């Protein structure tokens, strides 16, 4: 069989004649592929998001470190990914401002810029129900990038946001003309009009050529394909902040629930991985929409005792933070789980605590402690909750 | 010369002033107080005709039970395990019906409806949900006044971080 | 003309019927592409490395923030990119060790892991000669990733490196069977056996499935496609540390010049960009192989006066650090340039200083201050040195 | 239970012991003291024949002036602006010639030469560079003893950071 392992033009030319049997032997005896215009991904790496009609989940169990490769960043949209010519895309800011303005993307790039590494998570990011769920299935609607753009506060100053403006509408240029009302305070605090992600322009699925990015807030508020900002003295009560992205809590409906509560998940070992007896480095990610992760604890005895995990530097504000805990597994059946505490002192709750506090078994903003069953044969299964 | 980009000039001067025409072209949102509603009016009977032509395939006959979700509250609430959230039982503001349909529906032809059509559809869906009488004319004046039963349920988020689970 | 702007199967199906004229108008009236298995890059973004027969340069002038997209990471190899099946790849450690060992990549992934964001730069990373050079041409052989792997010290402990081991040979499994001798101390200090880059497995061009990563050291020592480590009481004097990667200095030949001296470059504005009168955010990257960047200064008057630039957090050890300086350009012809100071107190020199210190006008490890000419018409040209 | 992965167990037990055969299969390096040189021997005359067949296209007749660089020092050093770096004028150790050719050359068929061929080629290139007599037999004993003129030039890096530019 002829193979082309490096998938660019050079690779296909140079390597297509190499019989598989030679590769089995010794790559040092085969001239390699010369440098190219774009790097490739090894065909041995099968990295895929898991798409439904409305979202696509990041393969958390396959991801290392804190950066999500841009093509594996989760997706959630309400009208599909639009095809936008960046030269024609414009952002309008109007309403309670001194000077209504229109910016081309190129105009926005001229303003002082800022970069920050932060997670983005959909508030509908929880699934349970069967043992054969992967981290990707349970909570694959979270990803992390380095976002670059202009601070929204800079644009607020430029347009002259009036003192009586308390909310603003962020509107996308997609088929859903996605809209959310955001408190103006968030705009002054740390909102970014992002045009880049992990060193390059935003990917189309993440809002190319321009999106709002609200660190720590539920993903839907970081409106993608952003084309309009209207300053107002009240919220607009759009469909996404009334019919959707609200949740029943003790007979009421909680609205404008922006903050993403602190959460963690063990990504190794997890289903469908298997473990062997001996030393196991338990690995995972932890994050909080309210600041830094200060502590992650791991239990390897089904929650009876908890032990501090090591956190990987740099520990950033509102960012996925990798944690690790070294465990010697003797082969006994057990359950492993993690819980995070953030800088506000909030500790990730159990499902039981969440249900007790809210009087609901589902809805948005479910961030329960997630346990994995370790079977004597090394199989790892999700523990449905 | 500034040594830190945090010390910004009063204005950079990038971008261009937006004209009224440019704002109006995009300013399609409708607020709960009716700000943003265009001229025009609608009635349920006309809305039903449009609905049956353009919406029924996805949202079901009478707005109940379609593949993309019910829009109208059913009376068999007791029977189903969890009552489906609809305009009638979950939407706090009637203005959102107009706003959302105009911006996003029909899903396969977004932005294709006239304001008049949206008013008719809004009247139809409010009427089917028994929120207005089937004869009520819906326009910029009347729509914000429609009383939505769910509105009293809505409370702002009171989670604040800290030890308490909420 | 029919266009397919989102380049996955869905995109091609859904959008191929959209006439270009519709896209010109309003993407809100066109159903978008549903979520997919892999994200895409907008076809409007033309990001390419610039390959020669032996290397390929990162488009620094097009990159935002501190992460280099993996497919734009620079390349330098001496026998091409090999095609390696990760299930068959092995690492041998032997020589002055108690227990010679062989590890599969999967074995290495079981050890305690570490992640760090750090630059990698080729020591041959300097070109000059004409005004129409981009940052990519001048010094595009530097890139930055988040690297994940196992500390080499962990593997040293596992194999039992003997006290008399002072050097080790790192050998690649490519057609060059690349070899470098490395002081054992670096192995204990901060060397990583890296298997992941920016959240996913190493890319083939960066050493898939395993490479050595030596933070702050000249790129060639971070041997890619690593297959063997031999502990020794002396260096091996391989061709890459004698005939190559050595440099004439005042009549002598400097050898084992590992550290990458501190360096910075303004990437905006730079050739072939153009500027307009008014406020310009001068942007660039600065880094040092000897620790953190502590200061970047910018001159906008051809080196007569220097002003501190803002550094983007987080400022990491041995990492590209973004800097910015806000400048009001009145339209006069001038030159702009940057210089970095690292935590050892080393300040990036001028070419004149380098030539004076070394008695050579070329060779490895040239890190001179780089100036851009700003022409009255807004053209930006490199100032050859 | 360890709370920090910095506190490591004495051994994790991952990987497998390497057998001598497994080490020998890959242990192809040659040190300046000759450690690693295999059995066999070579002479320049035989090396020239191999060179003309397998190397000349890339490195030029007599190892001078090919598209992939000269390997042999020319006498017209004065004429060219900068003397090309070759084995004769820049390589500090003769053992590197054997090591490098065996591991990486010919570029288009790497790893294809026998040890005997590499000894012949090494002898040829050393002789062409006038570092050995054309009759000298090169083997594990003699190769490390070849005196390389460039060796005295090599000094370890003395850059250390700090204010000084070096």
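The letters A, B, C and D name the chains in turn, as written, and every chain counts its residues from 1.
Assume a contact is a pair of C-beta atoms (placed from the backbone, for glycine too) under 8 Å apart; a residue touches a chain by one contact, two chains touch by 3 or more.
Here the structure is a predicted model, which means the values were calculated and not measured.
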Check: interface with higher C-beta contact count, C-D vs A-D, is C-D
Suppose each chain is reduced to the average of its Cα coordinates; what separation in Å results between chain C and chain D? 28
Please tell me the distance, in whole Å, between the geometric centres of chain B and chain D computed from their C-alpha atoms. 75
What whole-Å value do you get for the distance between chain A and chain D if each is reduced to the mean of its CA atoms? 50
Using mean C-alpha positions as chain centres, tell me how far chain A is from chain C in Å, no decimals. 26
Considering chain C alone, which of its residues make contact with at least two other chains? 26, 28-31, 79, 110-112, 175, 177, 279, 281, 324, 326
Indicate the residues of chain B shared as contacts by at least two other chains. 5, 8, 12, 14, 103, 107, 110-111
Each pair of chains that touches is included here, namely A-B, A-C, A-D, B-C, C-D
Chain B partner, complex, touching residues on chain C are 26, 28-31, 278-279, 281, 300, 307-310, 324-328
As the complex stands, chain B meets chain C at residues 1-9, 12-14, 103, 107-112
Interface with chain C, chain A side, in the complex: residues 3, 5-6, 11, 14-15, 18, 23-24, 26-42, 44-45, 47-56, 62-73, 75-77, 79-88, 110-117, 146-148, 173-175, 177, 195-196, 198-201, 203-206, 208-209, 225, 279-281, 283, 312-314, 316, 322, 324, 326
Within the complex, chain C is touched by chain D residues 5, 8, 10-12, 14-18, 22-23, 26-33, 85, 87, 90-93, 95-96, 99-100, 103-104, 107, 110-111, 150, 153-166
Okay, in this complex, where on chain C does chain D touch? 78-79, 92-94, 99-104, 107-108, 110-112, 154, 157-158, 169, 171, 175-177, 179, 227-228, 230, 232, 234, 236-239, 242-243, 246, 249, 251-259, 261, 290-291, 342, 344-347, 349, 353-354, 356-358
